[in-house]
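Worksheet: one structure, shown below.
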Amino acid sequence: MVAEILSNHLLTALIFLPAAGAALMLLFPAAQTGAAKAFAIAVSVAELALAVSLWLRFDPQTPGYQFVEHAAWVPALGISYSLGIDGISLVLILLTAVLTPVSLLFSWTHVAKSERAFSISFLALATGIIGTLCALDLALFYVLWEVMLVPMYFIIGVWGGSRRIYAAMKFFFFTMAGSLLMFLAILYVAARHHASTGEWSFLLSDLTRIDFPMGVQAVLFFAFALAFAIKVPVFPLHTWLPDAHTEAPTAGSIMLAGVLLKLGVYGYLRFALPLFPEAALQYGPWVGALGVIGVVYGALVAYPQKDMKRLVAYSSVSHLGLVVVGVGAFTATALSGAVLQMVNHGLSTGALFLLVGVLYERRHTRDISAYGGIAGIVPITTGLFLVATFSSIGLPGLNGFVGEFLILVGTWISPHPWWAAVAATGVVLSAIYMLTMVQRVFWNPLVHEENKTLRDIRPSELIPACVLVALMIWVGVRPNDVLDRIRPSVDALQASVNAKRKQADARTLSGPLPHAFEPAHAFQPAGGPR
Amino acid sequence: MIGGIPLNDVLLASGALFVIGLAGALLRKNAISIFLSIEVMMNAANLALIGYGSALGTREGQIVVFFVIAIAAAEASVGLAIFVSLFRHTETIDVNEIHLLKW
Amino acid sequence: MSAFPADRIVFDVAAIVAVLFAGLMVVHRHPVKSVLAVVVAFFFLAVSYVVLSAPFIAALQVIVYAGAILVLFLFVLMLLNVAPESGAVGRRPIQAFLSGAALIVFAALLLSLFRRSGAEIRGAGASAGLGEIAPLARLLFSDYLLPFEALSVLLLAALVGAFVLARKEET
Amino acid sequence: MTGLVRFGAEELAAVLPEIVLAATGCLLILLDAFAPRMRSWFATLSLAGIAGSLYFLLRAPLGASFGGRLETSPLTSLVGVFIGGTAMIAVLIAKPYLRRSGEERGEFYALLLWGHLGVSLLTRGLDLLVVFVGVELLSLAFYVLAGFFRRIPASSEAALKYFLTGAFGSAFTLYGIVFLFAKSGSVRISALSQVGLDADPLVLFGLLLLLAGFGFKMSVAPFHAWAPDVYQGMPTPAVAYLSVAPKAASVLVLYRVCGAVFLGGMPDRFRAAVVALAILSMTLGNVVALAQRDIKRLLAYSGIAQMGYVLIALAVFGRDALAAIVVFFFAYLAANAGAFAAVAVLYRDETKPHPIGLLAGEGRRSPFAAGVLALCLFSLAGIPATAGFIGKFFLFKAAVDRGLYALAIIGVINSLVSIGYYLKVVYILYMRDSVEPDAPPRLGLAGGLALGLCAAGILLLGVFPARLWDLARGATEAFPFFGP
Amino acid sequence: MTSLSPPLWLIPALPLAGFLLCLLFGKRLGKTFVSAVGPGSVALATVAAFLRLIPFFGGSHAPVVEKLADWITAGAFSVDISLRLDPLSALMISFVTFVGFLIHLYSVGYMSHDETGAGYARYFAYLNLFMFSMLVLVLGNNFLILFVGWEGVGLCSYLLIGYYYDREYAASAGRKAFVVNRIGDFGFLIGMFFIFRLFGSLDFSTVFGAAAEDPGRFAPYLTVTCLCLFVGAAGKSAQVPLYVWLPDAMAGPTPVSALIHAATMVTAGVYMVTRCNVLFRLAPDAMLVVAIVGTVTAIFAATIALAQNDIKKVLAYSTVSQLGYMFLACGVGAYVAGMFHVMTHAFFKACLFLGSGSVIHAMGGEQDMRKMGGLRSKMPVTFWTFLIATLALSGIPPLAGFFSKDAILTGAFEGHRNVIFGIGLLTAGMTAFYMFRLVSLTFTGGFRGTHEQEHHLHESPRTMTLPLIVLAILSVVGGWIGLPPAISESGDRFGRFLAPIFPALPSVHAETGVLAHGTEWLLMAVSTAVAAGGLYLAWTWYGKQEGRVPARVAAAFPGTYALVRDKFRIDELYDLLFVRPFHALAWFLWKVVDVLVIDGILNAVAFLVELAGDLLRFLQTGNVRNYALTFFLGVVALVLAVIGVF
């Protein structure tokens, strides 16, 4: 039975294991918080185990969807419960599965009230996220996409900081605002499919077959892109992020920055691109341009921040801007880089939030000026923080560099090389703001008395941090372990889109740079020799 | 023509009554008068029903009127009871004075 | 027959009086007097019913309406000895203005509607037999049995309701 | 057609549900008068009555009886189940509520049942007279229920306002019926299906008056004004019923009449009017709800807004839309009735108003009720995986399918606004610290049952909507009237 | 490959292991452990390196590539982890490992005063990590691996400059170093992008091979490519305008300055340019730029050095100046000379820094030369080694510096870059001058410091003096492997050794004719004379007359003097031009764009909706007549809308 599920319904198991755990925890007596927390962590670890087995059983060679499941949900409307993953979803799923136990473990000592509900929210969140990553039916996708909001809303609003309610509401509103338009767009697409074929269906594979006139496509693309852009978030729709990150509890910030933001990009890749390729082609440059703006803008705004989490939050804006640039460039290299960079950002920013959390739990302030010179007091925290910092500013040997470099070089060989040129300034800017923070927090003379007695990192904090650092090094040294799994999906994506693009080649491959710049084999749309 | 009576006359009368009742309902202040005006409106309807019924040569008009009158009676009893029970609290049935529930 | 038959005279007079008294009800400040005005109005409506060959309804009108209902009104008025209204319109100018305007528009609409309707319906001459009671009764207890029974429930509900609301407060 | 109708076995079978209701009502009155000690059983008895009437409704032979005045069809059965469910929930809410406020009397249940009878006539009547009597029965019963707590001024005032506006509204309804009668020469709805009527100003006028009258019952702006005040003053269980069942019945009636008249589909100007009402209702309801301090008023305005969504489906005017309405109302039942049930549980003192602030911290103090309330609010807000989302989903799908894009967009913008106040309540529940000193009353079986049922309904319908949709869609296939 | 010649990866791997050991266990296992592991690992690396090099030196100098693994493969882009041993990298690792080892050794003594084991372990961990990165840098077989090392050494320099993290200026200096380097790296990145877009690969042999094969195809775009690369080089090797970080970098411990900021890391730029000589040679304009920047840097830094009083600052600016010299060499096409100077400079500049370190050690941390003097007697070893190194730097034959510097000047002269040659010559004189000023002020005359300082003066321990001696010896003999043809036709073993990395380029017409010996002799004589002149002047002014003349000069031109003493106030200028505007922009974007505009608009919308609600709710007057009216109005409106007026 179980074996059968694990073999044929692995994704279902993956999605509903946390939900089941959460449901079970409702039965726990509210008093026994310890048991509840332990149980939650156990569940999340089991989830991680499942995810790892998924990773191992995933076949990097096949480009299509794997572990596909299909069941009718609302047959009358062709809404189906259909799941499947490709490399892109795979890596994000694994990331989620890693970050969930990390968050829970970190929160072991750091949740003041109603720990049980806290753990439940996180498991529910995991279900939502992973479900979103597996859904191949637009209706199902939308449902899960929205479901995620609720636990996150509670996580921010109940366990957050002083302005938590404002932040929670802002978070909910922004995301809702985007997705509601997308909701209508989905309905429209389905209705179109119904009109043309007489069949109701919300399956991605069916809906991609429709050809929309350019005008319609533009509108629909806008509706989708808006929803995803808000989630990413792309400038100028980013202002919910700093508040949400700052006010959310540490674990919440980890999940938020680690995974939720990625879903914007993921949605763009998985749905917006295949559904509306021409529009994506026509407005892709705008997307990329916004990404570029995001890179510089986020970095600049991050610099003067006084609040550590806020600074990291703006750095996220910058990093995800870079990811968006990669998506906009749409060369195989840049796309792979973008996907990889999502993982990297999840790890490094997650670690940063975690370590900021470590300090916050001791001093109950995130104000940079409240620290300084504590490197000697909390050496381990400092060391880990340094690693995370350098991963985040893209030091070779750590994960950040690989993604960053791939995106930039991939963009450089795209029609828009100058994006890369501008975006590369992020290399300098990130160093400026991150190292300034590091200096003002860890270096410099130790002025505040209360910092002299800071307790260094606890095991329950150290373990998750070390896990993240280990992953950073792993991805930094052996990025191909990840890239190999991404590659076929990226190629397939490109192929599918390029196939639908009218005279795509002419447009993708002639750039502003002189022709002689084009290296012979970068001409291949799927990119590069195997 | 109903007998010798042009339908128009009937309808005009009905319309006049309805509008008058409406005016009363909108302009009077004490609940009873308002309700009274509403009764007038219903009678306007009755008149029109009778008129149409006769004009179309069907009894349904009268039947409906029969029901309306009965309902009106029922409404009256309940309504007046409501006024009374409210009066116990407010000592008035001037609707301008009755705005505990608002906004 | 002549252009101006007797029953038309009767109807018009009755209708006009009814309308006049109804208007009196609206303008009259003193509730009791306005009830009385309505009594008169309803009585004359009954008269017009008669000429519209609906004697049964006429009877109901007098007995139930002019009789029972309005008397009930009077009772309640006495019970609560409601004071005459003072300056009904004056203190609510907006209400008054909007009402007035809307009323005029509405009246105009009704007028125009009735004109065409009155013109287009050519009554079937067989209005004579409509007055008899027996067929009415038969209809009530056959075709209209369902609403009739529903009506009984409604009356029961009204009865209980009135009782619930009006009974003395006990424990 | 005037062939005299005999009251035969099939008539009996058809009307048995109503008879059961009426009889149960009478029984309750008698018991209350002569066996007051049995009062604690009244709720159970009423439930039995409703259940019985449902049973007979589902057993009743399909087709029109009483000379085509009473319909028994899959649709009426489905709607019957819906309103029956509403009534049961209301009774369940009423039980502890009345007990607490020392008003546990037979009359309450009796009137509830009779009002329910009226609604059932609304849903089944194929004859404007029956419909009118049904409306009046409903109204009378609820006038009284509004004023049921005579000790409480607010209650009496609610009664007064409901009564005056209600009577006013039914005068218009009646006048509308007159015009329809004038053209068709009969009060049967089917008689309206004559060529040419859909263009006739007189008929349109009548229809509009009906639209106003039933719009009033649905509390659609601008005929909504009574709702907030009445909901606030009325005993909560009654509100739970009034705010759900009659609205559905009214839409159904409107659908019937419009369906009968508009053989060639809804004329554009009429549709435009309905659309205007929808937009006005959504916008006004949502925007004003943002400013509400009293939970019952807030729910009233939310209801106004929700009826705006329903009107979207009326504007779409088709079988899918009708089915969508049915599904929507099942969702609405679970969410709205559930919300009122939670309100009835969470507020201690009926004599006082129900400020939202009082809910602060309940999330931790009475987790179950608060949880259900939150769930209901999310459902009303249309968050996926709840019934509310499903309801909206079908509505908007119908609109988009019909090409009413602007309306749909306004709709979603509105539901974005609505999130503002729904979430406000949620965060007060969970993210504020408690202000009320004494703990909430213990949750009884009945209350718990009501809450549990609603929550279960929300989640079940939210996750497995297929069955209900198929039922609704199938039922509408048999819908008597429709153009081509 | 015999067991005696280890695989290339072992050479960087050993310091890496040392790094991990020190980092993880150093604190717990204490100083002795660290002192063993830190220098030990480097010593082993050195051994490994030489085991590998000796056969290489002997045998054919054919490049060896050892691929370890694929690293990144994505789309069109693919690069692997592979190391390369060819004359250039061989040269580099030879002196990097060796000098590195000496400095590790020196550090054992120098850092001994560090009371906490933690700091000590940290120091050696970083130092080992640096060795690792540096070796990866020079061994890398493609631009990306090179870049890995490139960034790695940047990181280590950041960490080591900020070693005294609780001193704000040290922390800031570290940050400054990293950021400025990053600006260079930005250029480097773009350069790599160009290269990838041009050649579709980042692999050295592929790129250079393709370029050498078909220069015509790529030439037009190589200028910009090379300029971008050079920006990187300028950042790393502290060239104008990016040199500003190096002087501040002296905030780190002195051995660090010796190793990173004199001997090895800062020369990475030169190494990279030389590595890319094929591309540069195909882009003459770029080379001209390199030459000019180098020259300007050389003279500019030398000028500043004239007026510094901090012993390490003088050396720092001297380093900048010498680096300029090396780029000058590259710019005029004398890559061999450039590399030659890189090596010799590594010897004597390391020696100088270590010497100064020994001085500072003795002076208890004092770095101001005006408070020193007469140390010659107190610390003879330091003095003599220092003197030798100074002479070497000044280019006095037959010491190492003479040959390398002379080779550079010759190259400039051969390339008909006369202006550059002239400036180079002048710089040589100035170098001699400020170096001897340094020596005079520090070691001759009477002691000018406080009493307890004088009491505390002592020669440094063996671990410190030993490296000094070794380096001094190297500063003497180091130059003899690259004798100019004039002295011995076959003397330029160095040049011949490096020759393979300068493939002939068809398109580039080699018009650098060989000079007649006479001219060469002349050049040597001139440069020697200039150096000697500088020496003499400094000696007389500062050694004999205790600096009265310069004082008068300074008094005569106070403005100019202040300007020079304040390093031409370049930092202040940058602060004005870049730092402040950056702050302002950031604040503007945050406070105005983010908070005011974006959030402002959104909150405004939200507020307006709420406000509408707050106003509209008052329509609900509570007066039932109004309700009736609204109902009625609604009806009228409906009717008018649908039926209209007729």
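Going by the order they are written in, the chains are A, B, C, D and E; count residues from 1 in each one.
The criterion applied here is as follows: contacts are C-beta pairs under 8 Å (C-beta built on N, C-alpha and C of every residue); 3 or more make two chains touch, one makes a residue touch a chain.
Keep in mind that this is a model prediction, so the values were computed, not measured.
Enquirer: Considering only chains that satisfy the touch condition with chain A, which of them also satisfy it with chain D?
Expert: Correct list: E.
Enquirer: Highest contact-pair count belongs to which two chains?
Expert: B-C
Enquirer: Of the chains shown, whose Cα centre falls closest to the middle of all protein Cα atoms?
Expert: Answer by centroid distance: A.
Enquirer: Using mean CA coordinates as chain centres, what's the chain B-chain E distance in Å?
Expert: The separation of the two C-alpha centroids amounts to 99 Å.
Enquirer: Taking the mean of the C-alpha atoms as each chain's centre, how many Å separate chain B from chain C?
Expert: Distance between chain centres: 6 Å.
Enquirer: At what distance in angstrom does the C-alpha mean of chain C lie from that of chain A?
Expert: 71
Enquirer: In whole angstrom, how far does the Cα centroid of chain C sit from the Cα centroid of chain E?
Expert: Distance between chain centres: 104 Å.
Enquirer: I need the residues of chain E touching at least two other chains; which ones are they?
Expert: Where chain E meets two or more other chains at a single residue, that happens at 606, 617, 620, 622, 624-626, 628-629, 632-633, 635, 639, 643, 646.
Enquirer: Residue numbers in chain D touching 2 or more other chains?
Expert: 129, 133, 136, 140, 143-144, 147, 150, 159-161, 164, 168, 182, 201, 205, 228-229, 420
Enquirer: Mark out which residues of chain B touch at least two other chains, giving numbers and ranges.
Expert: Residues 18, 21-22, 25-26, 29, 34, 52, 56, 58, 61, 63, 67, 71, 74-75, 78, 81-83, 85, 93, 95-96, 98, 100-102 of chain B touch two or more partner chains.
Enquirer: Applying that definition of touch, give me each pair of chains that meets it.
Expert: Chain-chain contacts present: A-D, A-E, B-C, B-D, B-E, C-D, C-E, D-E.
Enquirer: Which chain B residues qualify as touching chain E in the complex?
Expert: Result: residues 22, 25-26, 29, 34, 95-96, 98-103 of chain B touch chain E.
Enquirer: Help me check something: in the complex, which residues belonging to chain D touch chain E?
Expert: It comes out as residues 160-161, 164-165, 168-169, 172, 201, 204-205, 208-209, 211-212, 215-216, 221-223, 225-226, 228-229, 269-270, 272-273, 276-277, 284, 287-292, 417, 420.
Enquirer: Could you list, by residue number, the parts of chain A that touch chain E in their complex?
Expert: For this pair, the touching residues of chain A are 173, 236, 239, 297, 300-301, 303-305, 331-337, 340, 373, 375-376, 379, 383, 390, 395-397, 401-402, 405-406, 408-410, 412-413, 417, 420-421, 424-425, 427-428, 431-432, 435-436, 439, 442-446, 478-480, 483-484, 486-487, 490, 513-514, 516-522, 524, 526-529.
Enquirer: Give every residue of chain E touching chain C within the complex, in rising order.
Expert: 625-626, 629, 632-633, 635-636, 639-640, 643, 645-646
Enquirer: Spell out the residues on chain D that touch chain A in their complex, using ranges where they run on.
Expert: 364, 367, 378, 383-385, 389, 393, 396-397, 400-401, 405, 408-409, 412-413, 415-416, 419-420, 423, 427, 430-431, 465-466, 469-470, 473
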